[in-house]
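Input: a single structure, listed below in structure tokens.
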Amino acid sequence: MLGYYLSLARRSLKRNKGLTVLMIVAIAFGVGASMTTLTVLHVLAADPIPAKSHQLYYVQLDPQPLNGYRVGDEPPYQVSRYDAEALVRAQRADRQALMTGGNAAIEPDRTDIKPFFAEGRWTSSEMFAMFDIPFLAGTSWTADDDLHAARVAVISRALAEKLFGSTAAVGRTLHVEGQQLRVIGVIADWVPHPHFYDLNTSRYGKGEQLFVPFSTSRELKLSRSGSMDCWKESGADSTALDSPCVWLQLWVELDSPDKASAYRDFLVSYSEDQLRSGRYQRPPNVRLRDVIGWLELNKVVPPDARLQTWIALGFLLVCLVNTVGLLLTKFVRRSSEIGVRRALGASKRTIFIQLLVEAGMIGLAGALLGLGLAWLGLWGVRHQPAEYAPLAHLDLPMLAATFGLAITSSVLAGLLPAWRGCQASPAIQLKSH
Amino acid sequence: MLHMKNVSKVYRTEMVETRALHGMDLDVDAGEFVAVTGPSGSGKTTFLNIAGLLEELSGGTYQLDGVDVQRLDDRARSKLRNEKIGFVFQSFNLIPDLNLFDNVDVPLRYRGLPRSDRKRRIESALERVGLASRLRHFPAELSGGQQQRVAIARAIAGDPKLLLADEPTGNLDSQMAREVMQLLEELNSQGTVVVIVTHDPEIAARAQRNVHIVDGTATDVERGPTLVRSA
Amino acid sequence: MQVRPIISTLRRHKTAATLIVLEIALTCAIVCNAVFLIGDRAARIARPSGTAEDELGYITLTGIGTKADATALTAQDLAALRAIPGVRQVSSVNMVPFGNSSWNSGISLVKDDPNGVNVAQYMGRDLLETFGTRILAGRGFQPNEYLDFEAAQQGKFDHPSVIVSHALAERLFQGDEAVGKQIYFGDKPAIVVGVMANLMRPNEFGEPEHAFYSVLLPVEIPYTEGGGYLVRADPAQLDTILADAESTLNRIDPARIILHRRTLHDIRREYYAKDRAMAYLLVGVTLALLLITALGIVGLASFWVQQRTRQIGIRRALGATRGHILRYFQLENFILATAGIALGMALAYGLNLLLMAKYAVPRLPGEFLPIGALLLWILGQIAVLGPAIRASTIAPAIATRTV
């Protein structure tokens, strides 16, 4: 019977070509706009590290002066060097790493490349294992290297290929800011989106190319990048161990909720110790958020993207109301034909299904065209200057969602008209001519 | 074949209640050819709608080929209508988008017959009305009489036991009207019960039995030209 | 033309009429808000930066390794840049409007006030002249007022002079004379010596008016502190002069990397790229919505005309002129549009409240409602014109023809 409905639908759609095209285009526009903005939202709101987003926690402490403190205030978004180093030393989590972004000029051995700047991360040894960063060659440095500020570096595949022409770079020497570092590892492409572990630097960028032990970066005075907040004059070196500034990120890995709550208690008792020793002035004010909580706090999804999504969905709603109206006129216009069919033995249900099939067919065509429009829309988004722009692609779930949205919405739009259409009474129609 | 007992039909609108039929008794037996006459507004159309299961009755009982129809839901009524009844309308009611073949196919589709069976029935029905050569034509390409013959083909393609015709010749000239009547008489002679609602005394005169409806009640009329009032 | 028969006809087509009213209402609500948001973004993009933008270029660079002689090198660079023909003024500056680096501080009228105003601090010699920012009251800095960056960093200056922007002066002193007053950077006092035109800060903190909370400090800053060289030159030659400047800098010390060389105009374009994208999206959605709604009206009106063909024929037979029939459909559309617009106004207002609560959108000013209404009335009349004309050409003979 479905075959019969499909052939009837095709025939009917062909009869009022203009109307059919109008309905398809309306649905396609609505679906296209919605899917474009939803895909952008999907990219922005993606979990950057799905396997571990609930085991990685971001530490916040409050070393600021008492002046201006209100209970419930959010502590600073980063930690001081003193606290970061103390907590890494304490080893109270399964893994822990402190880090900051940085920039360093690299002078290649090859004369055909000019010196250039590479984005880097100055961190401690456990970061690689904690974030599951895959190595192509070599390994991470060790805790001992952290302790002794070893002159070592881990570099990205791209940097290795640029400097040495291959990823077999382990053991080679890197000239960084006039100093020499030994390459001990090359990592595979690893670029989480968003750049969750440090949201002060580019959130959807290409990622870092150079990883150096934090202790080494301080000895070599490598420049740092990101944000720094100081609560009093910092003196000549704002990155000194005792500087009154927060500028480091501290991540810990805790593989169970119990461990997380134990660690939170530990942070409170650490803060109390600091208060007793006079380093802190405020009562313990700590936060321990997992990756998702941290991204939400930082409003990683920009309000504009949400606003655009709502606008697009509003647009889709108008397109649907439009389609409901047009389908209604179309089905009511057919009431005499429907009356004859009813007289010839079609039940209301049969007619209802026949009309829904027709609406669904419009939905399918709308979905296909809408998919094209979404693809075009995303192409447009990719040419936007936004940082996340290159990531705006339709993936399989979004592709499925496009079809789902188009067909669901057109069948929904078809419900009322089909219901009204199948009410066409067989008795009345016989005489109305 | 068709047994109505004390059938009534009341139409309700916001303000008025109209009694279209009340206390109608009518029995039509197998093999009969019945003409139903009556003045405008007497309830002829309501009778046809009820007899054809297009409307539900407000009171009384109606048995069609042994089935009590007042208890059936829409699906069962549709099925019964599809299998037992053929309709011929005054205005033909062909579907303009469909060619003759597809028009005759409509009731067979709803019966869910296999393709080969449908094809055989459609061709034979069109053959019987003399239009077998015009399968692929559309209704608009035919004359009124030809269109009505297609409608009859559509009505008989499913081998109904009852053929209900509503002024089948009303829109036709006398020559075509005679052809259509001949066709209906032929079908009746092959065993189909024919009930025809008409104004036309000439048509009524050709029927075996005349039923006159006045004020929603049916009475059998003795054959005689003086008794046939024109409305 | 009577309205009552039209209304009574519409009542008999309740569902279709309701749908078209609903569509017009939704479109009206979205279009009112979209037009308003477009205006809001456009106004934001059009804000003046308080500088001679067209004449400015900005070059950022960085040395390899630590440079002990940054201050001397900066002086050498500045002298060389100034010597390029066509250059009007050059400064080494810590940041520029629309740039992505910013130096901020809290200032207040009392010492250590935790609820101070967050302001952006511009540093560099001759900045007013280079930016082209006017002094509105008081004076600019004297040559002997400038301090060395290292010294300033270590807090070795007392009661320095400061120039505040007009917006900041208004915020701090509410219309009182600002020149001569004392303000605090945390616990450090400073004296306001001048008020300058609104120099925009690199980024905005919260409220839109904060965009112009900026101060100028008499601090000479070397190029190594995250800023760069600000070059003011004839706009016609700006591009070539900036290219010259880059090669001059490379010549002075080849062991440096030029990070960016851009005109302030380009920096501004990039800064507002997201706003522009949003505005274009809104324009696109608005046009598409209006088009879809217009087509919806055409579809429904055509259907009604077709459905009433016989009725129209009878009316014509009874003496209605073509004009009567035309006006009938136009009036019918006007009634539908008016109902849609009335509902749409309420929706627009509600939508705006929602946006205000969730997305920091300002209140929809009243004048946007009549704009939306007018737009939809016109749209409706244009859309219905075709079907109405078709209706008016139906021949009266239809009435006598049996179908």
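Read from first to last, the chains carry the letters A, B and C; within each, the first residue is number 1.
What we mean here is this: a residue touches a chain if its C-beta (ideal position, glycine included) is under 8 Å from a C-beta of that chain, and two chains touch if they have at least 3 such contacts.
These numbers come from a predicted model, not from an experiment.
The interface with the greater number of C-beta contacts, when A-B is set against A-C, is A-C. Relative to chain A, the most remote chain by averaged C-alpha coordinates is B. The distance from the centre of chain B to the centre of chain C, with each centre set as the mean of the Cα atoms, comes to 73 Å.
Chain A and chain B have centres, each the mean of its CA atoms, that are 68 Å apart. In this assembly, the C-alpha centroid of chain A lies 26 Å from the C-alpha centroid of chain C.
Touching of two or more other chains is recorded for residues 403 of chain C. Counting partner chains per residue, chain A shows two or more touched chains at residues 433. Residues of chain B in contact with two or more other chains: 91. Listing the residues of chain A that touch chain C in their complex gives 19, 22, 26, 29, 33, 67-68, 103, 105, 107, 115-117, 177-179, 221, 223, 232-233, 235-236, 303-304, 306-308, 311-312, 314-315, 317-319, 321-322, 324-326, 328-330, 332-333, 384-386, 416, 420, 433. On the side of chain A, the complex with chain B involves touching residues 1, 4, 11-12, 15, 336-337, 339-350, 425-427, 429-431, 433. Those residues of chain B lying in contact with chain A across their complex are 45, 48-49, 52, 54-55, 74-75, 77-79, 81-83, 87, 89-91, 93-95, 97-98, 106-107, 109-112, 154, 166.
On the chain C side of its complex with chain A, the touching residues are 15-16, 19-20, 22-23, 26-27, 30, 34, 62-66, 112, 114-115, 150, 153-155, 186, 255, 257, 259, 270, 273-274, 277-278, 281-282, 285, 288-289, 292-293, 295-296, 299-300, 303, 306-307, 355, 358-361, 403.
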